[in-house]
Each structure stands twice: as C-alpha cells, then as structure tokens.
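What follows is a set of notes on a single structure, which appears directly below.
By letter and in written order, the chains are A, B, C and D; residue numbering begins at 1 in each of them.
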Amino acid sequence: MTHAGKSKTDEVLLELEDVHMYFGRVAALAGVNLRVRKGEIHSIIGPNGAGKTVMMNCINGLYRPQRGNVFFDGKRVNGYAPSKRARMGIARTFQKIELFGGMTVLDNIRLGRHIHMKSGIFSGGMWMGRARREEIEARNFIEEEIIDLLEIESIRHKTVNMLPYGLQKRVELGRALALQPRLLLLDEPLAGLNLEEVEDMARFILDINEEERWKVTCILVEHDMGVVMDISHSVFVLNFGHKIVDGPPKEVQANPEVVKAYLGEEDMYTTRR
Amino acid sequence: METKITKDLTIPKLFVAKCRQYGDSKVAMREKEFGIWIPFTWQDYYAKVKRICLGLVSLGLKPGDKVAMMGDNRPEGLWVEMAALCAGGVGVWLFRDSMSDEVKYIIEQSDTRFFIGESQEEVDKGLAIFDECPKLEKIVWDDPKGMRNYKQDCLISLNRLMELGKTLDEKEPSLFEQLVAKGRGDDICLLFYTSGTTALPKGVLLTHYNMLTMGANLMAVDPCKETDDFVSYLPFAWIGEQMMSVSCGLQVGYTVNFPEEPDTAMENIREIGPHVMFAPPRLYEGMTRQVQVKHMDSGWIKRNMYTLALKIGYAAANMKFDKKPVPFYLKIALALANLLVLNKLKDHLGMSRLRKAYTGGAAMGPDHFRFFHALGVNLKQIYGQTEIAGIAIVHRDGDIKFDTVGTPIPGTEVKIGEDGEILCKSPSVFLGYYKNDEATQKTLLDGWLATGDKGFIDEDGHLVVFDRSKDVMTLSDGRPFSPQYLETRLKFSPYVQEAWIIGSDRKYVTAVMCIDYAVVGKWADDKKLNYTSYMELSQKEEVYNLIASQVEMANQDLPEPAKIHKIVNLYKIFDADDEELTRTSKLRRAFVEKRYKQIVDALYQDTDVIHMDTTITYEDGREQHIMTDLRIQKLNV
Amino acid sequence: METFVVAMITGILVGGIYALVALGWVIIYKCSGVLNLAMGELTIIGAYVTLTFYTAGVPFIPAVLLTLVVGAFLGYLTERIFLDKLIGEPILAVIMVTVGLSFFLKGLVEFIWGTDTRVFTPPVFSIEPITLGFLKISPVYLWSFILSLVLLVVLVSFFKFTSWGLSMQATADDETAALSLGVSARFVYAASWAIAFMSAGVGGALLGNINGINISVGHLGLLVLPAVVLGGLNSIPGAIVGGITIGVLQNLAGTYLDVYFPGGVKEIVPFVFMTVFLLFKPYGLWGWERIERV
Amino acid sequence: MSSVWLPCGDYHQNYSQDQGWWQTTLIQFKMLTLLAVAFIGCPWALPQDWHWVAWVFAALGVVLGLVKIIADPPRLKGEWVLFPFILAVLLLYRLPDYYLSVLVMIGYYSMGALGVQLLIGYTGLITLGHAAFIAVGAYVSALMVLYFHWPRFIIDAGLAYPISIIVAGVIAGFWSILFGLPSAKVKGFYLILTTMAAQFITVDFILTQYVAQIGGRGQAFSLPPGTIKVGPWVIDSDVKVYVMMAGILTLMVAFVANLLRSRVGRAWVAIRDNDIAAETMGINIVTYKLMAFFVAGFLGGVTGAFWLSNTAALSPEHFPWFLSLWLVGIILIGGVGSIHGAILGSLFMVLITESLQWGVLPLTDYYDEIANTLDPGRFKLMLDWLVPKLLMDFAYIKEMVFGLAICAFLIFEPNGLSYRWWQTKNYFNLWPFSY
C-alpha cells in the first residue's frame, strides 16, 4: 500500500516554527519545526513522553506555546482558542477517547456539525425555519457521508458509553470528520484496537485522505510502525522535545540516528500484527 | 390484480404492466438507508430497470446470455436482475459469502458474460477469477467505497452503465419495450445453483412460466394484498427469496423492503412488521431461542405472566391442531393473554402485523412449530425445492398439522414412488440441469420430479416428509428414523445451536452438540464461571451437565432405541464457510462424518475422552491445528 | 481616623469568630471533600445548645465545653447518617445533601427553639466597655476573640502535632496512602464533622453573645463562605486570614459605605468582594490550583 | 429505529418523521389527552344548559367506534375512537379552586425549576441564586405595569402585562448574564458562591433596599385589582391564573425541549459532559455558558412576571434564598438533566407539603374532640403542647420534611423521579421481557 507522493501537493497547510512548550521548567517541546503539506498524511512518532501529544495540543490550541509560531493555511494562529481553530478547519481525535459518553452516536456526530450550523436560541427553541431545516440537513450529511463511510449503521442510536472501545474510536473519528476539516489530527487512533479494527481504521484514514470527497490532510500520532510506514507520506520523529528526522518513511527507517534512538525501544519496528 | 398466466407472459412483461398500473402512486420497494426507509415507487423502479437493461444491452448482452449477480439484499439487486431478464438474459445469483472456488465454478459452468457485484469485496472475487473464465467480459460494481484505485478495463460502475443505458434510450426510445415484448414464457429466466449437500452445485434451469405459475398457485391458496409489506433479507440466491420478492411480489404488487445491513436485518424486520414472511427454520429457531432466554432473565411478574399466557396459547393452539372448536372460556382467556402478553411479544419479534409466515428449506422441529402457533402466529410449512421453482406443498389455513408439510398447491400433483420417494408434477417443474443431462434424466421421470426425499401421505391427504433418502437412519431395532427430527427436537433448547445425530446401524444413538455461545456464555456469567473462548466454555463440566439435562428432557418422549446415549460438545460451531453446512444451513452429514471421524469412532468405544490432535485445512487455505481433549458424557437412559 | 481604627479593631475581633467557623468548614473540606453549606445551621445549633445549658444554670465556660461534647456527637451522627453513603458521588449531590441538611436542621431549630431572638440572661460578659485610650471595646468582643484564638490554637496544634491530626491530614492528601497507614478514611470523615461541629458551635455561642440568638445567626454562618474562598478552600491559615479579612471588611463597609448605600450593605459587601476577587484569583490566596469538575 | 420506542410496523420514510416529537399515534394520543386534561379538564366545566355538547362528543365517539368495527380503515387507530369520550368527560367536570391553586403552585415551581434544570442539569453550571432572577422578572413586570406610561390603546387592549412579561424575561436574562460572567473563569464550588452572591446582592440588597421602596409605600407593591390584564381578561380568579400558568408552562417546556435538541442545547450538554472535547468541536464555551445563563434568566424572569398574576402584593420576601435552594432541591428530587424532572420534582414537593397539611389540619379537630375524654396527666400535657405547636410551626415542619426529602433522594434515589419514570416506561415497553 505504498503510494508516496500520490496525493500531496507542495502547498504548506500547517507550519510549526521553533515551537517551545514548557511545563514549569521541563521543556516538552524545545524548538520544533514542522511543515505539513496539503493532502499528505504526516505521522509523528517517538517514544512515550516524547511530546507528541503536546505537539497535537499546540496545533489545535489546547496549549499555547511559550515561544514560536503556529501557522495554519498561511495565517498565524498562536492566540486563537481551540474553538476558533476548529472553525478554521482543524479537527482532532484524542488518545484517550473524549466522547460525550451519555449521548447517542448520532448526537455525538451532530455535535461535530456544530460549526456548520447557525441556528440560535430563538429558532432552536421554536423549532421552526432555520433550526428545523438545519437539523434535517445535518442528519442527511451525517448519514450519507459519515455513518455510511465508517459503517456504523447498526449503532447510530446507541449510547456511546455502552459501545466497545473499537467502535468508540470509530465514532470519535466520525465526530471529527463531521467538522469537514481541512486538517485532521489523529492521536493514536489505532491504540487498543484488535487486528481487524486496525485494518478498518487504517482503511478509513486512507479513504479520508484520498477519496475525492474528503481529501483531508492528516497528522497522525501512532505507535503501530507497520501502519505508519505503510500509509504516511512523511514521518516526523520526535524525541524528548527535539526533532530527530522528518522525511519520507523509507528515509526515516534508514536513518541511523533513529535506529540508535530507538535501540531497545521494543515497539519501534514491531507492530501489533 | 388477477393475473392470467399464459405461455406468452414473462416476468418482464408483468413487470412493465405493473409499473404502468401503479406508476408513482404506489411504493414498489423501500430500502433502509441513511437511517430511514427510503421509498421507490413503481415508476422509479421502472426507470432504473430500463436504464440498467439498456446499459447491459449496449455492453453487448444478447438474449440467453448469463448475468451473474452477487451482493446483499438491496433494491439494486432486484433492479439488476429485472434488467437482465428484460434484456432477455438469464439471471444467476451467487451467495454473497461464497468462496472464490465456488464463484469460479458457477461462473465458468454457466458461461456467464457479465458479473455484477455490489461492492469491492465482490469485485475482488470477480477479478480473482477473471483470467480463468474466458467467457466473462465485464464486471459491474455499484458501491464506490474503496474502488478509487481500481482501474481495470473490465470494470464498469453501475452508474456508468446507467448512463450508457440512457444514451441508448435516447437513441432508440422504443428499444426497451421491444426487448421486453420479445420474451416468451418458455424462455429460461433464472439459472439456480442448488446448494447440494453432497456433490458440486448443479444449475437448475427455470423458465418464466415456471416462476409465474408457482407464484400464482401459491397466491391462489394464500392471497396477499397489494398493501402488504414484505421484508427481503434472505439471500437472493435462495429460491424462496426469489419466489417471494420476484414471483409473488410482482403478481400481487406488495412492497418489498430491504434492510440496512445484514447485521441489522432482525431489527429492521421489527421496524417494518411485515405481513408475510418466508424463512428457513433456522431463523424461527433463533427467535424461539431468543424468547426463551429473555424469558428466563425477566423478573418474577413478567416471567409468570408469560408462562401463563403461553399455556393458554398452547391450549388454544392444540385445539386448532385437533380441529376442535375453541371453547368460549378459552377464547376469553386467549383474548386476555393476547392483550397482556402475546401481542407485545409478537411486537418484539416484529410479528404483530404478520398474517402468515412460511417456513421451508429444511425440516422444522414440532416444538418450534407449536411454539409459534401458541403465540398466535400463523406459521405454515412449505415443501418444495429449487427444481420445482420453490413450492409444491403448503399448509392451508385451519388445516395445519405440525408434523406434516400440508397439501399440494393447485396445479401440483404429488405421489409416492415405489421406494417411498416423493414425486411431484406441476407446471413449475424445471427444464433440466444446465449442461448435465445425466442428472436431469435421473431427476425428471416423465415430467415427474424425483425429489430425493422419503415420505408418505397421511389420512388427511397431508404429505409427511421423512428425510432425505440418503440421510434416513436405521435404528438398532431396524426401524428407519429421521436424524433431522431428533436434531430439531434438541435444538428447541435455547442452549443448543446445532446438533448432529449419529447412530445409523449402530447399537445406540449419540449426538454431537454445538452450544449457543451467547446463551450459554450468559448462563455461565450468571454462574460465575470463567471462560475465554468457545472451546473452553464448551468443555466445562457444568456446561456438559446443562446440555445433558436438555438432551435428557428431549429423550423422554423418544422411543427406546432412538434415545440418545452419549453426547460430545464440539469445540466449534458448524459453519458453512468450512463446508460443514450448506449455504442454506443444512448439515452436510457425509462431510462432517469424514471430518470428525475420530469423534464418531470414540463415541462407540468405551472411552470418556477424545484426544483431538488434527490439522484442518479450510476452504480459504487457513490451517488450524486443533489439540484438545473432548469429554464424552454418558446420559441416564 | 478614630472611626477607622475602631472599625478595624471591631472587625478583627469579630473576624476571629468567623475564622473559627471558617476553620470548621475547611476541616470538613480538607478531610472529606465535602463542601458544606450547612455551616450556618451548625453555628445556630451551637448557639442554642450553649444557651439552653446556660439558662439551665450551667456557667458559661462549662456550657461551652458541654456544647463541644454535644457538637462532637451531633457532627459524628450527621456524617454517619447523611454523608457516609455519598462518598464518591458527584459534587453537586454532596453539596445538595448539605443544603438538605441545612433545611432540616433549620426547621428543627425553629421547631424546638422558635424564631424569637433570645439573649443570654444574665449577660455573660459585662456591658461596661473596656477603654483603651480613645478605643472603647465591649468586653463581649474581646472575650469572644480571645476564646476563638484559644480554640484556633488548639485546633491548629491538633492538626500539626498530634498523630490523629496528622493522620487526618494524610487522608485528605491521599486516601489510599492513608489506608495503607492503617487510618480508616471513614473514621476520619466522621471525626472531621465532629470537629467542625464543635468549632462552629463555639463560634455560634460567641456570636450569640453579641447580638442575641435568632435564626439569622445562620446567615452569619454563611459569611464564612467568602472567608474560605478568600483563603483558598483547603488552607487552614487561609481560613483564619480570610475570616479576619471578612470581619474587617464588613465593619469598614458598615462604617463608611452605609451612608451611600443605606441598608444591608454590611451583609452584602463580603459577597461582592468575593465575586470580584474570584474573577482575578480563582483559587483563593492559598488554594490548590486544581480545576474542579462539577 | 428512531430513538423513540416505536411499535413494530411504525417506520419513517424521511428525517422530519424520524426527528419529530410525537412519533406514534399512541404518543400523539397521550400528549393530546394530557393537553386536554390540562386545558379543558382541570379548569372548565360546561354549564348545565350546555351539557348536550358533551353528549355530542360521546355520540361522535360511538360513530367512530362503529366505523372502526365495521370498515376498519387503516388510518383510524383505536386511540382516536377513545378520544371523543375522554373529551366528553373532561367537559363535564372541573377541579375545585383549591386544587387549581395547588396546581398553580406546582406550575410556578416547575417554571422556576426549568431554568435551574437548564443551568445545572444541562450545562453543568450549579446555581444557588435562581430566585434572584425570578425576583428581577417580577419587579420589572410590576414596575412596568404600575409605573410605565403606556399608550392608551395598549392598556385598553390588555397588552401591558403580556408585553411586560417578555421584557421582564429579557431584563432578567441580561441580569443573569452579569452574574454568569465569572463562569468564564471559575467552575464548581466557586461558581456556586457567585450565584449565591447574585441572590444576596439582588434580593437582599438592591430589591429590598431600593426597588421595593419605589412609590414610598414601604416594602410591598400592591397590585390593585384589574391591573393584571391579558387581552380582555382580567386575571382575578384561580381559574384564570391556572390557565395562564398552564399556557406559559406548556410554551416553556416546548421551548426548552426544542432548544435542547437543537444546536444550542447540544452544545450545552457537550460543555457539561466534556468541555475540552466541546471546545475542539468549535464550541465557544464562554459564549455558550453565558447563553445558558441568559436563557435560564429569561425563563426565571417570565416565571417571576407570571407570579404577579397570582399575588395581590409583591414583596422581596417572596424570593428568599430558600426559594433558590428549593428549586435546586426540586430538580434533584425530580432528576438532574431531565425536563420531566423539573415537573415531577415540583409535583412531588408540593404534594408532600400539601398532604402534610391535610394530615395536620384534621388532627386538631380530632384532638379537640377527644381532648376532654383524656385523663389529665403527662401524656395529655404533652399533647396539649404538641398539637397547637404542630399547627403553629407548620412552616418549620415543611422545611424539615423538604430537607429530609432532598437528603433521602440523594442517598437512596440519586437519579431522581424522572429516572423512575423512565424505568417504569421501559418496564412496560420491554414487557414481557427485561431487555
């Protein structure tokens, strides 16, 4: 399933420039530079505690880096709140699933449509005009584009808490997709899934990235090297806040420094399969 | 709705007539998609079929050409089939879960030119055999998911096909009607591959006339209304589904509903609440099991209400079976039972609007059968096979006996051959097996169809089917006995999913049991038993005792020599993918007897444990090494 | 200037009592995580119990000591009956149980003792003010302040130096660790309520000496909330500082603002101050910087 | 399958059906019956001369029944045959005024509790100062009705009070936003304190000390008879107040329920359940929290304005802190996070306190009767003290019972009555099974 360079362009969608993030005195990120081109799957790998999730949080705005800049689509977004960045087209999933546990699958995904809807208190309360129309449009979109894509028809009315872990991961991806994002941050989407679920999830990520309908640029944080090397266009290796290397999978795999840094790290070149 | 079946009438002609009659005023089919039941009117149906038909024609489909189809039950399946028939083609349906060998055999044997698959999965199967089947020209796909990197020349999407059809239609506006008009009733319309419990599948040639007369004759016995709903979810490659969705569906004009996904089918049936249904016994058995289990888990009030209501139901059903009038007090009790329990129960099963339910394709246990009548479901046996277009014999309202399959439908004659074989004759009897004259001659004797089943006709004129000739067992006292009968008795226990009776020409009868993983698993959870797999659970001593108690219960009403002496819990469930069952879920005895020879031998030796240490190679090349000890449990007989 | 100093001194003196009640509040929160809105009622009960003993002829100091005993018993009982089963429930449930408790206790108090204002007769403290230069302080305030100080010192040393106190702190910090030390968390919870009831009771008794006892003493009990917020919910020194600050603030406002905003400005100012304060320092002066999820 | 329990054979062909309120005939029937009981059955009865109208309805029912039996048209469900009979009965009887006034209290608390439910139950913002916004609404409305110089035609048309209700809602809403501002920074217990501050600042200070003094007649605003007019009707009897209550409550419930299933309501629940995830979905948390405060304040304001119609004189004492707590207690008893909860909770609380009253009042009569037959002694002395005290201090008993009820519910039924309601419904939906 190698297809490097097939669907990406050279246009940069996201750029991190010399980003520093400290917690107290500990530097989680010490001057990280990252350029993600439109249309690519850019993976971030590294040992536990390397700062991968911190990077995701900086991109999506949950953390504000103390130094450095984040550019999205050519615009400096440093001071923007996560909700504003979401409206600009950055969606994400979380390492530990952050779904709205008491709601149904459908309502969770509906929440992903929030930024594409406009109804306010009045029309919502009256359930007339825009609110009603929008709800039906949203349902239509969710059913046709997301539930169908992710094959979760049988659980649409189930409460999320009741679902097995693998399906919850899928619902979370669906909710992020409902934003129709331009950049999708996937934080360990394969962690804790069984073989079949890993295959499904990898297939969905490829679909989202390649299918004409979506063409979403993805940043993927993942430990499953097999899948990462298979589906990524570029791989960024992070170790204790520092970049080791950033390039196509082949290059990264051959990089002596990476091999050295991961010597003894069991999960580097193994995969769950 | 009265349709006169003539030698001139074809399914496409009837289809066009119905579309004209209803137009946009009536819903022809509904599909649950995107969470709602999206309706298609007869006009929509017509437009789709016309385009697909002309699309196929522009690809070069000639009358008599075979079109193979594979996929789930979706409107598209029916459109494609109808389109192929309209163009004068012959439809060949494949089971969706068929392995590639099976697919290859059928496509090659039938000289298929066009293969229509629903999604990537089917296309992959088609592409895998494409080079080996020189006659195969085009593969049509419908669902675009995952198809973006498929660039082969032989592939074409259904949408593209319909565009071709549209172009052709604009060029020759009357072509479609001409094609339909060309058809004759004696033309072959469907080529069905029988699932055969022993040999390779044989292709059954059925004509339009066969199909239509069968439908007409069934409807003469049991008329349906055009406002009825029917749910199509069993494989199109099963004759029963064709009979209901196509033959009867067209003649009556009822609405055919398609479930969203195969795994939501039961839920979707409940939503629709069909008026008619036809399913193999396996499905009804599943329902009884579900009800029994839920009943066991419900609270005290509910449990006792249910027990009482069902007692009343059984009492009333028994009166009806005996054709005695139901006494007044029982009628009142029944009305109460209906109001308080049974109606709600039927609602859970999706049967509250059901007027008649048919079961066929295999034998159904009398216990199951009586259970549904106790609920107030008008369940009837159907007897027939692919070779007679599905139906020859059916129960009549008010004349139902749970150990028979009923009386012949109009136009059908039944007699018992010299060796006890059932012979049938009707306008629906097939033309012959495709490219297999030898088999045809064995089966068609002077227009009489040799069914290969043994049976007799009882004093009321009902046919009693004993079992397939080659499956009939001989008990220790020399009596013939049907293993299927015993198996269905065992399967009335909710804990038992499959049973296999052994004991022909042996000292005593034994059984190999497959536990129901979900039900027994839950039972074990309640008992705080730990297990991690089916294999482990099945070998628990407590589970053995549970199953043994269930078998002993069944033993009580059996004649002495038929009582089961020993049981073994198998470490896996019988599976069609492993060839242990046919695609219609019948046990392939010869095959399992070979595969589990070790078990069979051990059951007739003086041993308590079977050391299984074998490697099984499955159809798809997987190898599984089995190393386990199976216990044999002796029963108190 | 004189008015200012008087207001300051009175504020500090009253603030001492607030500090005592606030301490009771913090102890409960620290040890069992319960945000107690029934503190006002605990205060009234303490006041009435002391009054009852006093009217029955027990001298004031023994009456206070008896109140301590009764308070400990009632506190233990309350925890056992009402809060024990709510361990691990969401914060709203726990808060509302204390609200329910406050209704129950308030109703009970009104039913038993009625709503009329009752005073300690004969007065415990002399009415003659003590004169220190220009300062005239009524002995009630002074003695109350001294008594609170004594109790505060006792309580703080209890927590700092005794093994019981230390083990209660341990439970507050880490329940599992405390369990491994052999401290029963449930016992600590109950004990914390007993102590809180005790300190609130004494506070009530003292407040009752100032203006007499009626149900509105309970409202004064509510004033500890701004006090604890100011200090940080879980800080013992914070409670003391917060209590005194609120006392001072109240008296200053009463002195200077009443002219411009006649009426109840004295009661309101602590709350206004608290609201504004929270906007800038959401965790109080010494509170844990931890986001509570409610 | 829609999220509603549908009987078999009831399916949807488009999303409007699938997302509709009343999805089955049975539900439609139940809801219409409920509305009919609320608006026709409780307040009205036909005068003697008009009883024939009821018989006409009954006759209609008989006709429908016959049609059902003979022709059985598929669209005529059995429920609709029953409906005319129900209407007929409802037309013949009405509730006595006392029960109507009890219902008015239930309605009033339900309205107040709805706002609290919105904040606590759906947005996770705990408030202990809701009475402040009810008070603001009541005072705004009263001031407008009494002191605003309305154009003549508006007064004539009886529009002053209805307009003031809306304005009261809006002003209370903005007042609520003001006190919601700290929610941008603080959460949990600290927020509770700021809402408490709202109560004390608004009611105990501003209203008591300043607003209530307007007009110089001391604490209470008296509302002369005839001032509260809706259109041509002067709201001056229990029946009229009741109908006002039923109308406003129905609208409020519909409004809140609709809001909760649309974009704004979903965002609130998202914030309650997981604010970080909500933020990454593009929901601006501060804005939505303030919106919740606004809507809750608005509902509170309308509630307060409604209160005017049920009182002859308005005083800050109608809105003590106790009321705020009482409303929170109601939703805890009724069930947090459920509209049913607000209503069931009010029902429960009012009925409990009323029935206590029913229990205590006859007690004195009974005691008076037997008092003379009792032997003088300690027992009689005790009773002589207890019985009058029970009567005198009834308010305190009420308070104690309320406190105990809250505690008991939290301890033994933490999910509240609405959960029980849901369970009961499920019990029958799943009949004769348990799942």
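What we mean here is this: a contact is a pair of C-beta atoms (placed from the backbone, for glycine too) under 8 Å apart; a residue touches a chain by one contact, two chains touch by 3 or more.
Since this is a predicted model, take the numbers as computed values, not measurements.
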Farthest chain relative to subunit A (centres taken as mean CA coordinates): C
Separation of subunit B from subunit D, taking each centre as the mean of its C-alpha atoms, in whole Å: 56
Subunit C-subunit D separation of Cα centroids, rounded to whole Å: 36
Between subunit A and subunit D, centroid-to-centroid distance (C-alpha), Å: 45
Between subunit B and subunit C, centroid-to-centroid distance (C-alpha), Å: 77
Shared-contact residues (touching 2 or more other chains) in subunit A: 139-140
Shared interface positions of subunit D, touching two or more other chains: 1, 15, 18
Shared interface positions of subunit B, touching two or more other chains: 35-36, 267
Complete list of chain pairs which touch one another: A-B, A-D, B-D, C-D
Complex contact set, residues of subunit B against subunit D: 30, 35-39, 227, 229, 267, 270-273, 294-295, 297-299, 302-303, 305-306, 309, 341, 344-348, 350-353
Residues of subunit D touching subunit B in the complex: 1, 6-15, 17-18, 74, 431-435
Residues on subunit C engaged by subunit D in the complex (per definition of touch): 35, 37, 82, 85-86, 89, 91-93, 95-97, 99-108, 110-111, 114, 222, 225-226, 229, 233, 261-265, 267-268, 271-272, 274-275, 278-279, 282, 291-294
Residue ranges of subunit B in contact with subunit A within the complex: 34-36, 145-146, 148, 260-261, 263-264, 267
Residues on subunit D engaged by subunit A in the complex (per definition of touch): 1-3, 15-16, 18-19, 255-256, 258-259, 261-267, 269-270, 273-274, 276-285, 291, 294-295
